[in-house]
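I've put the structures underneath this note.
You will see two complexes here that share chain A, one where it goes with chain B and one where it goes with chain C.
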Partner chain A sequence: MLRILNLETGYGRLRVLKGVSLHVSSGEIVTLIGANGAGKSTLLSCVAGVVRPWAGEVVLNGRPITGLPPEQVVASGCSLSPEGRQVFGPMTVRENLLMGGYVRRGERGREETEAALEEVYGLFEVLRQRRDQLAGTLSGGEQQMLAIGRALMARPRLVMMDEPSLGIAPRVVQMIYETLPELKRRGMTLLLVEQNARAALRVADRGYVLETGQIVCEGDSEELLGNREVQRAYLGKDYRRIDE
Partner chain B sequence: MSAEQALQYCLAGVTVGSIYAIVAIGFNIIYNTTGIINFAQGEFVVLGAMTAISLHTVTPLPLAVAGAVAITAAAGGLIGAGLTRAVKRPTVLRLIIVTIGLSIVLRAAVLHIWDEKVRALPFFTGTEVSSVGFFGARITPQALWVLGICAVTVAGLTLFFRHTLTGRAMRACAANRTAAGLCGIPVGRMVTLSFTLSAAIGALAGCAISPVTQTQYDMGAPLAIKGFTVAILGGMGNSLAAVAAGLLLGVLESFSICIFPLAYQHAVSIAVLLAVLVFRPSGLFGSRDVSALKEH
Partner chain C sequence: MLYNPKYERLTRGELAQVQIERLQSTLNRAYRNVAFYRHLFDANGVDLEGVKSVEALGRLPLTTREDLAQSYPYDMFAVPLRDIARIHSIAGASSAPVAVGYTRNDLKHCTECTARALTAAGVHAGDVVQIAFPYNLFLGGYGFHQGAEQVGASVIPSLATASVERQIVLMRDFKTTILICTPGYALQLAHALEELQVHRERLHLRVGIFGGEPWPEGVRQELEQRLGVVCLDAYGLSDVMGPGAAAECGERQGLHVNEDHFIVEAVHPETLCPVKRGEAGELVFTTIAREGFPVIRYRSGDIGALDEAPCACGRSFARIRKSARRADDRFFFQGVGIFPAQIGRIIDDVMGWKPRRQILLDRHEGTDAMEVRLEVTEGIASLDEIRNLEHLRERVEKRIETVLDVRVKACFVEPASLADAEANPVVDRRPT
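The block that comes next holds the complex of A and B.
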């Protein structure tokens, strides 16, 4: 589904990714964990076309998408739910979702967009109740659901989520995490970035650990959960407290 | 002051105010898409009027106006497209500064193509001495034209921004450019479209007001300041509020003449602008909550 080869990028002269390679197979949930500033968001932004790659290759479904602008990446079936939610504050919930389906503009697209809208409402019932409310006035958890729903509106085959648990009450985090296996069942592939490693590894099939711009460790979720290094660095006491 | 006199001042204010309003609407379109204030908006107004005046020497008036709107829109679109390509990191502040430069270039271009002579389009209906009676006071029919065009554009724009996918996508670009891109919205093309649209409306405004104000190459800047004041006064981005604010400012200015010397007329609007910026930056009709949501 997604193959990243020796990806390098950064901001100005700051080199953030120092040759990252990873792959996500069709139907998998893969998580990318790592500390603050490791470059996780940069990696997703680079795949999504927001940050330009310096070197390396990104291949989606056998097609190179390296350095394509965001709208073309979305059109090729890969959507990002960005870090910090980034909803359109002065627009209603429904309008936010409609924007997610923008790639299908045109007559034929309208019906499919309505269907996608129903799917998202089915997944997150609150969004249906709040559909005419301005997105900026939603709670953090509701905004996160909206950001995910908006990414789903394009009916992507690969969904990338950047820290969906960031600054959200544990109960809501749990609720959002419960939808992930459901998305997988519907045939979607997921690349999940998290600092909350325990929650992420619990739903994921495989994981990668990113440290200062390099993959230092990879493996099945159980393997990583049992790995000493990972336990010490990412599953320490602090993380347990957030999670439980 | 007699009631009749007061009414006459009011109508004079409405005439001027409708001119401010129609210029203000142009500001709102680019603002609604990019969050930037296009300081070259006044130049679009002049360019539109000048083009129509030239075209009118060979074609009938409606055709000349339509042609001028189309030509100015194309120029606006080219500028928008050039802007999105040329400015590497298009922050709001950078783009605003670029539009200031752009206004200077456009003014020079208009001076070069035409000259510094004062020109005017003929009145759309009647002549400069014809007027419509209104409870004993009189108003020029051109003011009614301007108001009518305001009403139609505001209605059209409201429908466009609230209910069409493209209009909503333009608002999404202003709310969060990165997120708009991530939704698959081609942000650059939306910016180009917003410049095209607001140039078209600027040109239409220029044609509508030319018979009353007349047109000279350097009248863009003062018009833009008035339009900007009105756009702020109404609450940036809200065209209906801009019309209300325009009429209010026009009437205010008109009555200020009976109190202050004529020379202070423009100071009134600047004072209003400063007062609004200090005390109510979201505008008279803008909701504070909504403008807080727009903070990037």
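The block that comes next holds the complex of A and C.
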């Protein structure tokens, strides 16, 4: 589905990604974990076309998308739910969602958009209830659901999520995380970036650990959860106690 | 049957992606956590970020067995000792032994690799697997044991130390279907079966999986005929990764390397340059899934050719076509790889001087035998000296047994009777 080879990028003279290679197979949930500043969000932004790559290649479904502008990346089947939600506050929930499906045009497009809207409402009932409310008045968790819903509106095959648990009450984090396997069942492929490594590894099939712009570890989620380095660095010392 | 079709059937392109990802993450981790590799790469001016393809691995320096020994006890470990779940160790090429640390995940991977090897050999949950390998500091026995349990078979850890008679009793009474041991030990068993007149029809043996030492095609034919089973080769590097690195499938056209765990190259043993595709060379291994003890471009000393052509079994992993030749002077005795220099050092230590020596390898009734001949310098004058020599001889035997875990016979020979010892330090008279 997604194949990244030796990806390098940065901001100005600051090199953030130093040759990252990873892949996400069709139907998988893959997580990229790492500390703040490791380059996780930069990687997603780079794939999404928001940040220009310096070197390397990004291939989506066998087609190179390296350096394509965001709208073309979305059109090729890959959407991003960005860090910090970034919903349009003065617009209603419904309008926000429609923005996510704007790549579709024409009569058929409208039908499809309605269908996509219905799917999103089916996934997050609360968005249906609040569809005419201004997005800015939603709680953090609801805004996060909206951001995910907006990414789903383009009916992508690959959804990239940047820190869906950031600044959200634990109960809501759990709710959001419960929807991820549902997305997988619906045939979607997920690339999930998280600082909340435990939550991410619980739903993911595989994971990569990014440290200062380089992958230092990868493997099945179960293996990463069992890796003591990962436990110490990303799961917290009293990992076991919290876990139970 | 494939144990893990998801990986064993990756296309070569998908495999290349998995390999480069794992290679890069292994290199990053090794550089950060293993002092030896940090020094090695810095000293050689290696730019790890320049490793953008599996082929670029060939520009990195090699790791030798001597490097591992010099890093004893744990300078090669990439994780703190408390993260190590098990340690296996073997005698080093020189003074220090080699100790290899495995994390829990490493042991799981080892289980996965041997389970794949066993599945490729047709082993399944209904089988009774008798493992007549040593279960000691050497990983061989444990590795296959874990894999056999993983595929659901019934396992008899009968050990190589049990007498052949006991092996045969177990084999008969528990209807063993799969035998795992060294080819040398299998020959011993075959011989004992004939001696004891146990007809192979009374046994249920179906497949023999033999490894731990190189064995030529002739031995395979002999074993198949005498034991009446299908004989398959399994390859592991006891030094660094245990069994399951590569194994034959039913096609018997070479040993499939678990390429999602190891990258294997073939290099010219002298120039150390990669050989042409398909040509024989010294096999060089890089672990790409190891946590506790990653090794990068490790010289195995084994000679083989790599074949990436598709195999009828459906596995996409490249196959090693092994050669019984070695790139170094290591020989195999009762499944243990031994360098003549290891024995030489023991002799020099015990004797206090350097007598001329020659190692004779023989096979009596299927059992490997080693004789270490030592040349006395001049005629023996007194009874005291004879007593002294006898004492030294015993100490040499004992010391070799302690250090290398093999029983040998030492003896003194007349002065000037080992004139050819320099040219032929090891005389191997075992039939091939």
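As a working rule, the second predicted complex is superposed on the first by the 236 of 244 C-alpha atoms of A that agree within 3 Å, B and C clash if a C-alpha of one lies under 4 Å from a C-alpha of the other, contacts with A are read in each partner's own complex, and residues count from 1 in each chain.
In this text, a contact is a pair of C-beta atoms (placed from the backbone, for glycine too) under 8 Å apart; a residue touches a chain by one contact, two chains touch by 3 or more.
Computed from a predicted model, the values in this text were never measured in an experiment.
Placing chain B and chain C on a common chain A by superposition gives a fit, with no clash between them.
Residue contacts after overlaying the shared chain place A:C217 against chain C, while chain B stays out of touching range.
By the touch criterion defined above, A:A200 lies against neither chain B nor chain C after alignment on the C-alpha atoms of chain A. When the two complexes are overlaid, the chain among chain B and chain C that reaches more residues of chain A is B. When the two complexes are overlaid on their common chain A, residue A:S21 makes contact with chain C while staying clear of chain B.
In the superposition on chain A, A:P82 makes contact with chain B only, not with chain C. In the superposition on chain A, no contact is made by A:L32 with either chain B or chain C. Between the C-alpha centres of chain B and chain C, as viewed from that of chain A, the superposed structures give an angle of 150°, to the nearest 10. Contacts of A:R228 after superposition: chain C is touched, whereas chain B is not reached. Think of it this way: put the two complexes on top of each other by chain A, and the tightest Cα contact between chain B and chain C is 28 Å.
Residue ranges of chain B in contact with chain A, taken from their complex: 165-166, 168-169, 171-172, 175-176, 178-186, 289-290, 292-294. Every residue of chain A that touches chain C in the complex is listed here, in rising order: 3, 5-6, 18-19, 21-23, 208, 211, 214-219, 223, 226-229. On chain C, the positions that touch chain A within their shared complex are 17-18, 20-22, 24-25, 28-29, 32, 49, 52, 79-80, 82-83, 103-105, 108, 289, 291. Those residues of chain A that touch chain B in the complex are listed here as 48-50, 69-71, 74-75, 79-80, 82, 86-91, 95, 98-100, 102-103, 105, 134, 136-137, 150-151, 153-154.
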